[in-house]
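Each in structure tokens, the structures are laid out below.
There are two complexes below, and they share chain A, which is joined by chain B in the first and by chain C in the second.
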Partner chain A sequence: MNLIACHGNRFFGAIRSSNGDLMKGTTLNPFNITKAVDFSDQEINDYWVDISSGSGFTGMAKPTSPMPMLILGGKGSGKTHLMRYFSYPLQRIRYGQDVLAGIKKDRYIGVYLRCSSLNSPRFREKGQKEEMWEEVFAYYMELWLSQLMLSTVMSAVGGTSELEDREGDIVKELSDLIHLHQQTPPATLSGINALLRDLQRELDGAVNNSAITRTLPVHIAVTRGDLVFGIPRAIEANVSSLRGCLFLYLMDEFENLSEVQQKYVNTLLRDRKSPCSFKIGARMYGIRTLSTYSADEDNKEGSEFEVLRLDAILRENQNYEEFAKRLIAKRLAEFNRIQSGPAMLDANAKSLSECFEEPAKSEFSASETGYVIKKYSGRERPYFKDLREHLERGLKAKAAPGMRQTTDIEKIVQWLKCPNYPVLEKANIFFLYQDWRSKRNLLEAARKIADECDSYLNGRGKGSRYEEGLLHWKADLLAQLCRDTDQPQRYVGFSTFVEISSGLPRNLLIVLKHIFAWATFNGERPFQGTPISMRSQQAGVSEASEWFYQDAKMIGREGQLVMDGINRLGTLFRGIRFSEKPSECSCSSFSSDVSKSSETARRVLDLAEKWSLLIGVGDQPDRNTDRIDRKYQLNRMLAPRWDLSIYRRGVLALTPRELDAVFDPQHVKEFDKLAETRVARMRAPFFGHAPRVSGDMMGNLTLYGDQDHD
Partner chain B sequence: MIDYTVLYKCELPVEGDWPPEIRWDIFVSAYTAAERVRRVYEKVSAGSKHWLVFPEYGFAAAQYPSDAFTMVARDEAEYVKAFWDGSIGDIGGRALAIDITGFIRPYLIFLLRWLAERGVRRFDALYTEPVIYSDRERTRFSDEVVVEVRQIAGFEGMHNPETSNDYLIIGAGYDHQLIAQVAENKEFSKKIQLFGLPSLRADMYQENVLRAYQAEEAVGRSTADESSSYFAPANDPFVTASILREIVNRLSARKQITNLYLSPLATKPQVLGFALYYLTERRDTATSLIFPFCEAYNQETTMGMSRILKYTVELPAM
Partner chain C sequence: MEPLMRSLKAKIKTLNETIWESRAREPAITEWLDNFAHSSGAGPDEMVHALFLLSNFMYFGDREIRGLLKALYRDVYRYPIIESIRRGHHDTLDSGLIDQHYKAQLRATRFLGVGNPSESGCHLLYYFRQENHLPKDLFIHTHQIFTRRGGAGSMELRDTDVTRYIFIDDFCGSGKQGTEYSQDLVEDVKKLKPEAFVAYYVLFATARGINKVKDETKFDSARTIYELDSSFKCFSAESRYFRKALPEIDPAFCERMCKLYGDKMVASKHALGYDDSQLLIGFHHNTPDNTLPVIWFDEPDRLPWKPIFRRYPKLEW
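Here is the complex of A and B:
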């Protein structure tokens, strides 16, 4: 058994017999659960992994800070996980019977709610004015939040003698806040909760029936904010166990509220009263307004709230890979109910990479590209076939400098050959295309490249153009080689998956879920001693990428505009990567002066970023001017869809006209032509110049054409 | 407790005339480009016949009958109210039939609540099964551009702030994007999928499952100790209602359901079953019908006429 298998054995125990009674012969997938919502509270607790950066997630989210916070992140960034971790049910699990002592130690008590459970689209139209719905919704939220706060508090301190002693005072204080209209006030906190529930149900009924009756008879029994802030105040003042604690409303899925509804919540943030605070979880596109009902003033970052941009932080955090490894190691251990202390967890995390087969490191990528030699034994390799065709066409069109006759083609081809090292052959051809584009004499160039290659092979190429160029372009050359030889692109290895996840832990889980499924299907035994094959990894990554693409379709017509733009962008990047002489290496990013683009293009671009299809990666100084352009990378989860690099290196500078053609439907008709013009400059034999010999209309001037080699 | 299965259903001949006793005072149908909708409209014998043209089908004025009812507003409550007040008024004791085949689901569902509120205790629903879906398992019924997921008017129900045991039961149709969107909207709910089996035609079940699988990630985990897939005949609203009751009772027996969301995305008979179950047993509970509203629907998705089914639907008193 080789070394890799030995290390992989660490996880043998992590996947126990999974052929349980229910699953006859089916292996359970430890990565099946990818969403926090699918976890029970106990599982959230059991699978929790902190990031080793500062004070971890607690330091980032600051649950004891009175300043409200917006926690923004893409789908799968961990917002829900994080917010639920701070909620009372998790505090209860962490501290067990000593929950009050635990809350006192934490200095906060968390009340978690999902805005989606309000089902807020109900509160509109049906023959009523918008102002009426604003009032009704605000009242509804008051009742909703109050019930949740009361239930939480009753669960924490219910049955204690200190509550028993003070309950009457608390109930009196709260009853005074509810306009009961001759109803007998409740005598207990349970009674108050039941009353609030009845008021809410009454409102549910009125809202539901308004579609039929076109009336909305509502008596508003509570002034906005009175109970939301009043309950915590009354409890904190009367229950010593909770004195000094922050009562934290953890409102998740904020994007499910309309602009008007968010305005109400913003007002609560602005008018926040001690001992309350708020953490609002939302997708990046989810904040529709910062406006409030307090004289229509906007809340301002740094003043009324602070922001935690979760996936951006994770993406840029140098401990993210380590966090990801521990997350997966913990998942594997917990899945099979194996106790693992921190030391064991760390050791398992470190050895995760060995569970995935990767190309063996070898000089000049010989192992990785050895299949080319076997596959094309006795035949010309496809990239040389292409080169011949380009040289023939160039010669015919008098666009091949230095070449006079067809025998020159064979000379060039022979000089560029390096049969034992296909990647060096690709490099040689690439350098020739570079020289061709610069209109150098091709025969001289080919001879020179042959010499350079020979020097490089013999260790004499340090600092040379050859060595520098190979370093720069190797990833693209290997990608082209895969494509030329009809092989799938290689997205393999744990570090690659972490990179692909783009700071969203859920993406990593989904990639592993699909890889695990493929490995099992292929008869492998993942995490049980032998590394998962590259074949299974490639298939899993491809499927995960396809899932991400399908899942990213946003709600609404603009979702289609965004996806169409992303499709065009991906196609453009692919056209560049697989051209003969790409202008940018590992191109999956672009920059542009967005201020000069159309309003629609800017809006679609903004939406693409907010929906995490594009990742804003800072600014890019323009090469020719002092201008600073915005820079974006295509989400790495989408890279496999277009066979792109997941690493950010070359940046394609797009003109405003090109940006419009990509993202503005009014300009879409120009896209094909603009994109082909751009890519044509990278394609042999003409590199964007018109052929001298008329009638030569052949050629790979399309972004979409594939080349057949066999 | 109502036994839905005693409710009456029968088959009407596809070819040839129907018996003279098969007639109604009022007949309502939803206009589409499908042969199975238009031919039934011609066959029906009624005192008055009404075409409804829904804006989501995108018909130009020249494409539908000039006396059809249409409205720009895409609000199921407004639409049904405007049609009913303008064209029917007080139904009195008149016999009513509705061809549900071409209806867009939220309109059909709201219409049922409207009828119940108007005192209609019984009506006949007609449904024509196709021979085949035009693009097999790739058939797209909507443009799959979901503009929002929300409760259907009149079926918004009560809501429980306690959400620890919420369930979403999806009548799984062919549009996997719709399944995914509604599942994502109720991400935190446990999901149950109800498939049409027996299906309308023998191969449609497999096609259905193939499509639904594409929404697998959105639908999420299946719990280890209970089934997450159930089956009800694609062409029987009454058995569908019974199965729903059975599912809900089974789930409730384990632990009280905090909020129940029902989303009928499959055949129109199943949609009828969902709505009937809600109106009969789930009103005034923490139950609602939710739906992924699309911008547009395809005017024609089927070929041929396989069978014409007639269901006698009894609505509860409101």
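Here is the complex of A and C:
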């Protein structure tokens, strides 16, 4: 039973205009909100789903560990969601009135902040020296962090008798840390907070006006680190409810700070004092420096901090699909305001796959490819038309072994036909191209392939080249079939969307958002009974991929270099996939000895990885040597843009020269020629060899004649 | 052809979600495309040409119409009055003085709809009043312009304090209605009060239509917010719809197709829209008959046809 389908009524709440039925119902999309910053604290809580892996996200993020942590991940990996989940407002929602007991149980209290709120670019230039701005920024952070910590603590323990009893001592301890000149020290914690607020406001005024006044009249009233560490120390020592708790600063969007500003925060990490710790959330490219003000020493991973690479972990986690299902089931349940306990949530999650139409399993993909028979009834199928053309050209150029006359073409075509099973016809043609490339007699090859096909059809092909080859190449053959017949590529089914998301939950939400919109446009009722059609899924995935591509575009020259490189790579992969005899199956990955490519190529490649356009997927031993090359896959969200496979199978080995041609603008002029040479070896009728008959433009073997990657 | 169909549908989907108020979802589009069944004699590519036309359709929804009504009041009515007040007071910037004079002018204005009370021109007055926060006593019916206090045969202006009569309409295609109103009403007003300012303000107008009203009527002013020049005429030489050539789209084929179907729907001279307007435009409240009939025609007795942006016809008894 499809449980999800029973609950979807809320989606179709119609919005009527004052003109009655002229305005058709506007459907609410449950996947519209994809960014955690757009969620309220309550929504973060309501939509929260843990991963059933070890101790879940708590086990990964270790909020009770005193060791600071960098939480790194691409856009949409869930960093903000995770960090906000550990923050005090969410603890408050989880534990309600018993928040103190909850904090004691958690053994931490979280203070969440976004570095983007600082508007950090204002802390530079304007006629002031950099060393001045370093001090001013550090002071500003001290005031800001202190207020956040103090407000949080006051919210947690405010009004309790233990705070009342000890407030005086705490206030005295904190007042001693603030250099107040002649001012009367505050008598309460609220007073301290108000004082800090006033100091910050005064500092804001000075900083904001410095561009105009060209002065920076600042009196620094707190030594850096004194309050950041001092407040938690004073509270922990005096308030027994919080004794033994870790005071956790959760700093998100770290990439918004400049190198100098990050240096200050790095220093806090290095000079960390109990009972404080830090979780720093940043994009993959977001860490500009690890250096500190402590004798300019660098913080080291494993020593001063540990790293959680969130999307990499999710991508490789075998429970990611299950987590993704529960995430979506939870989203749907919350959107419909249906209470769902864990058992119901799990049941809903399991039934999620049924909400999406997938091709019916059939022998030899008959139902999946049945449209070909109907569409080309009474006319030749396009792949046979192409084969004829290749055979004609090959015959004319004396590059079709075993063929002597044009009547041989018809014989070959007839042998390769298997009208009821288009995918087997594609396979037959593929095997012929394989044999052609190996310069085998085409007539004999075609006859043999026909026999092999017949055996396979009759269940006698176990372990044969035919069966093995079909298993290996089927996905590519089906993709080619779609392309040959002007059909969109089939990226359908929930598991496919999970793969496409590449460990970034937001990508999954975006894919579903677009699919939902297409299904609604197509007059379907998604998650309301009938599965979402394949055409809605295809259109949605295609649109999501385009969105991802546009969203990933970076500003500036470097950004343009990266996008140009990705475009060239995608084009190359597509050329390979849709050639007559691809060298790699389901090719969407490449390997290369990066050390030998140009510095620019390495830099652009590095950026592409940091911006999650390429995913580093480990190392690949080179086939011909003992060398270990770096391996990358094109982000699966981009695969639909070039009609590529989302699965990682064949890996294209690129030479340093080819890598430069892809990623280094100085070598871009060589790209077309190198790519053409590479792909020419996979194209009929010449497969990269020079034609014997002049006048044919194909297949000049230049650089790679001795490098046969078959 | 199929990639183009897909990309056109993607464009239409975006339009549907953002501007078209979800008026044209895929099932309705499929039903409409099924009208084009190659039987018109115009060839097998009718569907892609029809979809191409649909992807260029200009729909003005409730929000847009309300925005235009605000613009009409502000830019066409109010600002010229403010300008003249300022000029008459040595380019004053005294907002109190300007406001005082403006309110006096407004009180002496009456707004009327074009057409009978059930037609769209009058229908718009409600939103015009709402959006511009105007008092309802500034709005009258055409019969309230005059009075026969002196008995049958005598006609006077009902309110001699009124100095401006503003006629508001949604669409001016040929200019026919504006011309009729000039003959029926404006000339009489002018006879009784030559100095009265009588204006025709319309949201959308073809260049030809508004120029006809300007040149051939007694209106002191005829203005539009959104002028449709010859580039909006679908199959004209200047047509904006075929500027970017797509290999699969043949403008001549498209025109032939629309004409062949249009001939079965309406009188031949209007087969591509009333008075050969050849427009691709529709509104929240209706689709004008100046738009290609293949878009809006809905008279099953005459020809079985599923419209995509239906026109609610003005039935006349």
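Following the convention adopted for this analysis, the second predicted complex is superposed on the first by the 671 of 710 C-alpha atoms of A that agree within 3 Å, B and C clash if a C-alpha of one lies under 4 Å from a C-alpha of the other, contacts with A are read in each partner's own complex, and residues count from 1 in each chain.
Keep this in mind: a contact is a pair of C-beta atoms (placed from the backbone, for glycine too) under 8 Å apart; a residue touches a chain by one contact, two chains touch by 3 or more.
Note that the structure is a prediction, hence the values are computed from the model and not measured.
Peer 1: Check the residue A:R122 against both partner chains and state whether it touches chain B (first), chain C (second), both, or neither.
Peer 2: first
Peer 1: Quick check for you: in the superposed arrangement, does A:Q147 touch first (chain B), second (chain C), both or neither?
Peer 2: A:Q147: touches chain B, not chain C.
Peer 1: State whether A:K553 touches chain B only (first), chain C only (second), both chains, or neither.
Peer 2: first
Peer 1: For A:Q666, select first, second, both or neither according to whether it touches chain B, chain C, the two together, or no partner.
Peer 2: neither
Peer 1: For A:S240, decide between first (touching chain B), second (touching chain C), both and neither.
Peer 2: It touches nothing on chain B or chain C.
Peer 1: Quick one: is A:A517 in contact with chain B, with chain C, with both, or with neither? Answer first, second, both or neither.
Peer 2: So A:A517 only meets chain C here.
Peer 1: Considering only the touch criterion stated at the top, classify A:N208 as touching first (chain B), second (chain C), both, or neither.
Peer 2: In the superposition, A:N208 contacts chain B only.
Peer 1: Of chain B and chain C, which one touches more of chain A's residues?
Peer 2: B
Peer 1: Is A:D486 in contact with chain B, with chain C, with both, or with neither (first, second, both, neither)?
Peer 2: So A:D486 only meets chain C here.
Peer 1: Between chain B and chain C, which residues of chain A are contacted by each of them?
Peer 2: Correct list for chain A: 22.
Peer 1: Residues of chain A touching chain C in their complex?
Peer 2: Residues in contact with chain C: 17-19, 22-27, 486-488, 517-518, 520-523, 539, 543.
Peer 1: So in the complex, which bits of chain A are touching chain B?
Peer 2: Spelled out, the residues of chain A in touch with chain B are 22, 32-35, 37-38, 113-114, 116-119, 121-122, 125-126, 144, 147-148, 151, 200-201, 204-205, 207-209, 211-212, 214, 510, 547, 550-551, 553, 555-557, 559-560.
Peer 1: Touching chain A in the complex: which residues of chain B?
Peer 2: 75, 77-78, 81, 110, 113-114, 117, 144-151, 153-159, 161-163, 166, 177, 180-181, 185-188, 214, 217-218, 220-221, 224, 259, 284, 288, 290, 295
Peer 1: Write out the stretch or stretches of chain C touching chain A in their complex.
Peer 2: 1-3, 6, 9-10, 13, 16-17, 21-23, 25-28, 62, 284-285
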